[in-house]
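Presented sequentially are two complexes of chain A, the first with chain B as partner and the second with chain C.
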Partner chain A sequence: MKQAFITTGILVALAVVSARPAHAALRVITTTADLAALTSEVGGDKVQVDAFGKGYQDPHFVEPKPSFILLASKADLLVLVGRELEIGWLPPLINSSRNAKIQVGANGYLDASLNVKILEIPTGQITRAMGDVHPAGNPHYWLDPGNGRRIAQAIRDKLSDLSPADKAYFAQRYDDFDKRLAESEKKWDATMAPYKGTKIVTYHRSWPNFMERFGLDVIGYVEPKPGIPPSPSHTLDLIGDMKTQGVKLIVVEPYFDVKTPQAIASQVGGKVLILAPSVGGTKEAANYIQLFDFDVNTLASTLKQITGK
Partner chain B sequence: MRASRFVRIAVVLVSCTASAASTYAQDTAAAQSLRAEIDQLKQDFNARLAALEERLAALPGGQPPAAPAAPAQPTAEVPAGAGGAAGALPVYGNPSATSKIFNPDMAVIGNFIGATGKNDVNPDPVLALPESEASFQAVVDPYARADFFMSFGEQGVEVEEGFITFPALPGGLLMKVGKVRAAFGKVNTSHSHVIPWADRPLVTENLVNGDDGITDAGISVARLIPNPWVFLEATGQVFRGDSGELFQSSKRSDVSLVGHLRGYHDISESTNVDLGFSYAYGHNRQGYVNGVDMGRFTTDLFGLDATVRWRPLRRSIYHSFIGRTEAVWSRQEQFGGTQTSPGFFVSGDYQLGRRWYTGLRFDHSARADDSTINDTGQSVTLTYWPSEFSQIRGQLRHTKYAEGSTANEFLFQFQFAIGAHGAHVF
Partner chain C sequence: MDWSILQFLAAPIAASLIIAGIHAYLGLHVVERGVIFVDLSLAQIASLGAAIAVWQGYDPHSPTVYWMSLGFTLIGALIFSMVKGHEAQIPQEAFIGISYAVASAAVILTLSQATGESEHLRDMLVGNILSVQWPEVWTTAAVYVGIGVFHYIFRDRFLAISMDARHAATHGVSVRLWDFLFYASFGLVVTRSVAIAGVLLVFCYLIVPSVGAMLWAARIGPRLAIGWVMGVIVSMLGMYFSVQLDLPTGATIVCTFGLVLIVMAITRPFVVSRRAVS
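Right, the complex of A and B next:
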């Protein structure tokens, strides 16, 4: 009997220690730093946000570390990029989280891709002969500020649903973000305006939304197919295409080797530019608006050198 | 005699015509009836002939009566809003695209292994497809998911694993029910296509039931142990008690038990350490005499596993290192006394580039039934990954067996996956 009392006492003590105080912030876990940044914009001090992936790491290949299971186990909300970006690593984290709130389809599971503009949705027969294609479309959609706005809306609505008492707070935070984003967009558009129609090459298909938004024309990729490393024959073809079309810029993500892009650039007399595909991809890109500040300004200054405009 | 044969043929033809015109059920009934009639004919030809003539005479045109019309299918009223004649009503069982939405994720992984060189003790075939694994995985309902891994081998098909997982039970429990690979160390939990070698370490072969490992029907419960310092997870498993050469039950009470405690800590964002302690207990087959468990002997296994990983995040797709070790102590009761046999392996695998990996492994293990004799081995591997979905591996293996013979072999392996994109194993 005494033992039962002690056991019950320990369990109660553990429950008290582990229970979240009623006034505590919502715990949100996101798969990428971009989604964490957008959640912070909307959630402010009413949320505590962590991200699994870093901005300078390939988001396809985040490792499902046990320390991430701990983060997932405590989360009230999971926000993911979706479109199979995280298919190689997120399912085991959800399965091991022991957290009913963030299971697929539960109220704390938010796929941010449901109301955004998705590009490159494949049509017709898809096979892995095409490389590691994403059947549901290109998942790098957050690199369009318009999609950032839509993601923030979805986060606002979900946070309001999970914490109705703070609905006005989240709405006000969103409105403020929306206003700042709109002002920045005017600035970015003006900065990029002289370079509309400029042809470039990128390493991976990470940039279709970004390039479409700012009017750049991607004519080829360093990867012969998504997820397939550069091959000599493809590299030669690409050099030929770049020479023919007068393309002088190769945009590379920070997690790819620049050896091949630099070899190509030296052949065509062009430049290799490392842009940040995500918040945290570089120190200067500490939040969502700064991500575009960095990318737009870096890209524009490089294009200015190349084009002389 | 000729007339009677003619009549018999006519009867058969008439019956055939009748059969062709009737339904399957009627056909079967007619055949049975005919067979009975032929039997009767053998017993009493004249009586049967008369009966047949009488029956034929009774049939207009020699045709059997038409089968009764099938009763009209009852029709249900179409509920309001269900579409009506012009709308699309659900057709259950129709193989339309939408009916496939709930199909599980399916994949097949082929594992082709070749072996050259000489091995007198444990010779593998020169070319073999020892395993093709088919996986079926899906969410069952809001409370559970299910995973099936069917292993198609050269000896037949077996369920390598097949279990339901309840991921969000009260109390932070994670429960699996079904046939699972036991949580004994790391190698035992891993399918063959996941381990970084073409074979399994000698300690697994000698002490932990080889390729199959401890795999059994049972119930597994795992819980995180909250603490401010490290990831800590405790797993408890109860199995039927049958795992190949290792455990064998002769009674319902001969269940085998497995316990595992896993600690994990991030030293930095690139480096982490994973430590595990394992224990397994069950009845062994050493005491069987003429199929009867006379000895009632048991085996205890104690395991220690440690893994160090290094993967710099900015170059995570190009370079990484994984150091692994597992040590196992087997305490096996048998006629003549208890054998306490240790074994271990140490390995290191380095990723040279995006597609290239190389590794070393050192093996040492006593035999479970004789702790005084040891096998040792060394391996070097080189693996090429054309893509995430295929890999080609070569392995030079030197093994010194306790029998005194030495084996120098070159193993080569092709692995290839089709179907759904599986999750990467950590």
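Right, the complex of A and C next:
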């Protein structure tokens, strides 16, 4: 009885709220700011994009807020990173939204990882003896401009599918983004060229795609396993490895504590550098291309000091 | 305020009211016994059970993980009912604190040995009140009603050992058995609640209403009533703040508990003196 009363009240409220203009933009929600940035590049003013995670937050842990459920309940399309990156917080949110459009496998559910280049996918049978394995591969794949292009393609195709009348518009916006990205890529490649093959260490396994793209060699991680805080023996091993291989740079994500990296850096006479793993991770990185502008320029100027090249 | 959010908050609100109901009652016992952190400790022991099951390769959402955490809770209940600190002049809180610390550390060690992305597992073991679903609410309600009835039937025994165990023992009550039954039923509740609402929120639902009630009333009956009213008001108020300010729901309710307790402490002289007059 009480529940029926509440439900009626809610339905009335919903009817008032959901009366929106006929030519409303597609409502898109994304799990990260990078996917939101790419969606805006392609969707322009035909879409309204909101991201759950901010660029300076760890995308593995996003604290759900009431507004997230509202956004999810009204969305026409959900774009996610996939590869189990959001497994800790997204499934209950999708469930709570009760929005049939964005349920797993529905037409408004876009896993951006399906046609990109994924690194570190274990081959053969996974056994416990292998230690830490990501069964679905490394989920930080957006940090390769080539993958950014592939994600944008997938978004273009999905938006065209959901709003066929705007197909030409999305195609034109994608082509424009593709062109600008290609021009920037030449610039980034030139900036990074002198440092090809430089060995570095990173905190979390966030950077394999980025480092592979620009030819840097990641020889170790501050974390002994993803999500596990540094242990003494692992830290000592890492310092030893860095000394023998002459590694002087530790790249850290903005949401990790820099104490251990700094202690390691002072042991080997190296430097700790905080790079932005996502759009919005720093003020300068307001869109996808600016993210690489910032990371490439910061990394190159630090490597210049270290290597003297 | 966008009222359509209510449609999605109905299950979390129902869950918080159910949790408030049983925890305000259990909290009276816990505060009387002076074992304030026993729920944190039992919750941590439960998640150690879950962590071990996950390490053995079970899916974090599988029933095995739940049964394993329940089994560990019962072991914890057995330990707490066996260890009678006051006979050795050691406060019970010391044992509770030690089991909390050791269980927490053991969870970290277990997860560090687990396959796959261990970074998510800790999150999965602790619930978020915002994402609770109706089926979960119904089963929880059924379990809590069962435990509530059990406690109501044996309320004299439970109250007697919580208020004065030695006195009860001299009257022929088996303190060990009833202590075990208390901790076991309590552990059952806490394990479920933590899986729904998370450790911090469950701790507040347990302790704050009974402390607030002690500020305003001396007898058990009025205390229980005040605790229930407080639990309900804070739940609703916390949900309201969480929606209005768009803050994470669990943490907002916890802080609302703090605020309401401060208000109750400030108004205490007024409430208590008026009662003395009337």
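In the analysis below, the second predicted complex is superposed on the first by the 283 of 309 C-alpha atoms of A that agree within 3 Å, B and C clash if a C-alpha of one lies under 4 Å from a C-alpha of the other, contacts with A are read in each partner's own complex, and residues count from 1 in each chain.
Note that a contact is a pair of C-beta atoms (placed from the backbone, for glycine too) under 8 Å apart; a residue touches a chain by one contact, two chains touch by 3 or more.
Please read all numbers here as calculations on a predicted model, not as lab measurements.
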Partner chain in contact with A:99 - chain B first, chain C second, else both or neither: first
Touching partner for A:56 - first (chain B), second (chain C), both, neither: first
First (chain B), second (chain C), both or neither touched by A:226: second
First (chain B), second (chain C), both or neither touched by A:277: neither
Partner chain in contact with A:65 - chain B first, chain C second, else both or neither: both
Contacts of A:73 with chain B and chain C, given as first, second, both or neither: both
Touched partner set for A:257, first chain B, second chain C, both or neither: first
Contacts on chain A seen with chain B and repeated with chain C across the two complexes: 14, 17-18, 61, 63-67, 69-70, 73, 84, 87-89, 92, 95-98, 128, 131-132, 227-228
In the complex with chain B, residue positions of chain A that touch it: 14, 17-18, 54, 56-58, 61, 63-67, 69-70, 73, 84, 87-92, 94-100, 103-106, 128, 131-132, 227-229, 254-257
Complex contacts: residues of chain C adjacent to chain A: 2-11, 57, 111-112, 115-120, 122-124, 128, 130-131, 133, 242-243, 246-249, 251
Chain A-touching residues of chain B, taken from the complex the two chains share: 139, 142, 145, 165, 167-169, 172-174, 223-224, 226, 231, 233, 262, 264-266, 269, 272, 274, 311, 313-318, 354-355, 387-389, 418, 421-424, 426
Residues on chain A engaged by chain C in the complex (per definition of touch): 3, 6-7, 9-10, 13-14, 17-18, 60-61, 63-67, 69-70, 73, 84, 87-89, 92-93, 95-98, 126, 128, 130-135, 224-228, 231
